[in-house]
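Both of the next two complexes hold subunit A, though its partner changes from subunit B to subunit C.
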Partner chain A sequence: MRITQGTFSYLPDLSDAQITKQLQYAIDKGWAVGIEVTDDPHPRNTYWEMFGLPMFDLRDAAGILLEIHNARKTFPDHYIRVTAFDSTHQVESVVLSFIVNRPKEEPGFRLVRTEEPGRTLRYSIESYAVVARPEGARY
Partner chain B sequence: MNALAKDAATEITTSTKRYKAGVLKYAQMGYWQPDYEPKRTDIIALFRITPQEGVDPVEAAAAVAGESSTATWTVVWTDRLTACDMYRAKAYSVEPVPGIPGQWFCKVAYDLSLFEEGSIANVTASIIGNVFSFKPLKAARLEDMQFPVAYVKTFRGPPTGIIVERERLDKFGRPLLGATTKPKLGLSGRNYGRVVYEGLKGGLDFMKDDENINSQPFMHWRDRYLFVMDAVNKASAATGEVKGSYLNVTAGSMEEMYKRAAFAKELGSVIVMVDLVVGYTGIQSLSNWCRDHDMILHLHRAGHGTYTRQKNHGVSFRVIAKWMRMLGVDHIHAGTAVGKLEGDPATVQGYYNVCRDAHTKVDLVRGIHFEQDWGALRKVMPVASGGIHAGQMHQLLDLFGDDVVLQFGGGTIGHPDGIQAGATANRVALEAMVLARNEGRDIANEGPQILRDAARWCSPLKAALDTWGDISFNYTPTDTSDFVPTPTAV
Partner chain C sequence: MTDAAATDTTLATHVDPVATTGGVDLAALYRQSGVGEVMRQLDDELVGLAPVKSRIRDIAALLLVDKARHAHGLGGGAPSLHMSFTGNPGTGKTTVALRMADILHRLGYTRRNHVVAVTRDDLVGQYIGHTAPKTKEALKKAMGGVLFIDEAYYLYRPENERDYGQEAIEILLQVMENQRDDLVVILAGYRDRMETFYRSNPGMASRIAHHVDFPDYTPDELLRIAELLAARMDYRFDEAGLAAMREYIALRVTQPHFANARSVRNALDRARLRQASRLFSAAGEGETTPDRERLMTLSSEDLRASRVFQGGRESAITTTHH
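Moving on to the complex of A and B:
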């Protein structure tokens, strides 16, 4: 399967040239771009590990791309995403977030159903990769 | 405008004359004050009035002010027991509507102490209470309202709001995608859940109950909730994304609605929906419930067309949108401009701005007559739904930007290769268009080419464009701003 989190997951993986244009868009808007990494892509795993702090003062897309390359070198088989933050009053949140690296194999998720009285079911989602191996050795 | 003041025979010079038993003109009773300067704490309403033949527009405006505040048809001495000068609403401006003879815009100011805090029911009981049936007016329309921030802050606003909704769903930088399950009526719970699963797995963020899906013989509500939530969770596991389906809790009583909302929560739904027809108070109560239970509240504006559509009579939807933001919904259907339902593009953009602005500015072309400070009230996500398809993606993104839910019902479920293919076509079209816009391309003009390029590698999108690419709904809108020479077209 292909995890489709992020703004552009239904498109073919973005090239570095395409990523650079998106980074430039974010920079031109005055957003701070951060790089985040995980090997636990559960849909509600909000806090991926930060690959450094958001780059508040970097105004050059090429510099951010360099950091993406560093992240890919360090974590070639992890999910890596770029996240842009807008500090405008009453936004103050993420405004763009897209995946720039993913594992070669994505085993996906199992839906666990727990039957309860009546016809009610309780659901949980577990990642095959996370269940099989500890952090850092999953992909 | 001020002809009455010159009418010496009926001029009111003393309190004795003013409160003598009998009938006075409203303007003479103090409801017309052309020199009045609204206070920063006043609530202001803009009415479009069509007086009967022979009725002076100033007197008509004064009557609107009178009947929507303290007046009755005759003089009453009991006024003198109150601070009646303050309680009287003041019509302070009457202007002809540009290009429409016989219609007038009148502005009326209301003192803040006329209203109960946190109650749209109370606001509406005054502002659109008796006055719309008043005989000397052929027609009346509430065009816009301005609320002082002091009054805005007596409301809690959206329980979730655009920003927090996105954080909960983990979806940023693009419009959300939805679809209404079709056919509207008749599917069993099992069949209904199939449509939900296919749409969500194919790439939509949300599916939606239709406004009239409640608990009918063909599908009782509990059965729908159970099947739908299985579909939602299965699609979430299949994609790794948070998914949702608006479970309609609309019912005949608040008790029943709370019961349905509680079951939706128990099953893990992120969102419930309600119809505008349950009324302002019902929606506000449900909003409070949603705030207490981390639930997004979707509002379907069922019924609004009965009073928002005709320009000469009723209530403009921009006013409804303001009320709904104050009493607290997270989503509101606000029109598509390009789809099958009524909506002039500029006017619809006006509704969107009311939902999403931190501070709304005067914008006559978009029908916004007043500045509005929203006092940090959260923002409402507008929903574009009704007769839209993937081939219009560039227009939709260009008109509405990122903070909108685009709902393609027929445009998903009617896809020749099935619902999943329909959903994928929409998601690919959307992401391709956002990517292109961010790259600096002129999507309004290059949009069709951007879609065709994406369709070269995405066969579901190609099939969608082949099926619907030429479909458009170009009818002259009925509700347009009177401050542009011709109705805007897409």
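Moving on to the complex of A and C:
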């Protein structure tokens, strides 16, 4: 199951040229671009591992693309996303985020039904990959 | 509006050099690029340096012709524009390198008009594993523009085999080779030391297409530089002052630690000091406040007080002659 999340979740994965254009847009806006990595892509897992520090003082997207290539080489079978942080007062949050790398095989999620008193059912989702193996060996 | 476009009144204000002639109008391409203006500025603001200017002109021509070829569907690939500037101290290497970014940007070779100037300290780390991130950081910052490495020969320290400089060089080489479209690297340094550097790093020498040598300035050029620098600071020499400057240069050239334009600039700074104290003590002796003219003028006594005229070296630890 192909996991989608972030700004361009409705699109096929972006090519490097498309990524470069998006990143250049972020740089021109003055946003700090960071790279994050995880092997636990649960939709409620907002805190991914940072891959190096956010890149604050770059002028051109080629520098970030270099770092993305580096991240892909280090974590070929992890989810990698880039985030753009807008530090403007009262915004101060991530304003753009999209996935730039995904594992070759994505087993997907299953629906977990938990019985509660009085025939109540609570639903949650659970990743097959996360349950099957420990962190670092999941994909 | 330029003459060619003015004669053809049917054209819109924006002249597309490809569409208008069927072929490619190099002259229109040249005018549009604004290179002419850059070259004129270069001629105005940098005295001498004929070989350097002609090399820049060659590069400009190549990039324009490449554009024209591209319009005809002729390939060729982006030319490698990594450069090496060698020359004695004070010959304008840094000044030209900083200017280069502007030129390459106007020619459309680099995407951004910025220079990241670094030295050994910014590239080479203190301990194992420190160098690569530092070098990559500098490279990432420079992407899209020009990376200027001043005193590049310091990167390689043959006397210490565990020096991390070699690691920085290897990362540089890799990026210089693989990301030619993203980055122009300019190395600068004194001639003899850079030659040693290239001899011990043949990979570096072969990846740099343009080795530009900065010649020493002639005394006449140095005098023009002095006038230019003075004018930029709103000073000027009176007639005796100019003669004194000419003499000063003739003497200074023969002395040790001569650093071309930098020596001239230092002499000028010291002359300003002497002019200031001259005016100040004149005011103490009851003279009227100096007018605009006097505030601007550097005269011969401001220069002739220099130790250079007494056979000593400026700003050196020499015994003063009385």
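Simple rule for what comes next: the second predicted complex is superposed on the first by the 138 of 139 C-alpha atoms of A that agree within 3 Å, B and C clash if a C-alpha of one lies under 4 Å from a C-alpha of the other, contacts with A are read in each partner's own complex, and residues count from 1 in each chain.
Operating definition for what follows: a contact is a pair of C-beta atoms (placed from the backbone, for glycine too) under 8 Å apart; a residue touches a chain by one contact, two chains touch by 3 or more.
Since the model is a prediction, treat every value here as computed from it, not as a measurement.
Annotation: superposed three-chain arrangement on subunit A; subunit B versus subunit C shows no clash, the two fitting side by side.
Contacts of A:66 after superposition on the shared chain: subunit C is touched, whereas subunit B is not.
The superposed model places subunit B and subunit C at 100 degrees from each other around the C-alpha centre of subunit A, with the value given to the nearest 10. Contacts of A:109 after superposition: subunit B is touched, whereas subunit C is not reached. Taking subunit B and subunit C in turn and counting the residues of subunit A each one touches, the greater count comes from B.
Contact with subunit B, but none with subunit C, is seen for A:119 once the two complexes are overlaid on the shared chain. After overlaying the two complexes on the shared chain, residue contacts for A:58 are found with subunit C alone; subunit B is out of touch.
Of the two partner chains, subunit B is the only one touched by A:96; subunit C is not. When the two complexes are laid on top of each other via chain A, the two nearest Cα atoms from subunit B and subunit C are 16 angstrom apart. Residues of subunit A touching subunit C in their complex: 55, 57-64, 66-67. Residues 111-112, 114, 136, 139-145, 175, 179, 182-183 of subunit C are the ones touching subunit A in the complex.
Those residues of subunit B that touch subunit A in the shared complex are 163, 166-167, 170, 172-174, 203, 226, 229-230, 233-234, 236-242, 266-268, 358, 376, 379, 402, 424, 427-428, 431-432, 434-435, 438-440, 454, 457. Of all residues in subunit A, those touching subunit B in their complex are 1, 3-5, 7-12, 14, 18, 21-22, 25, 41-44, 46, 83-84, 89-98, 108-111, 113, 119-123, 125.
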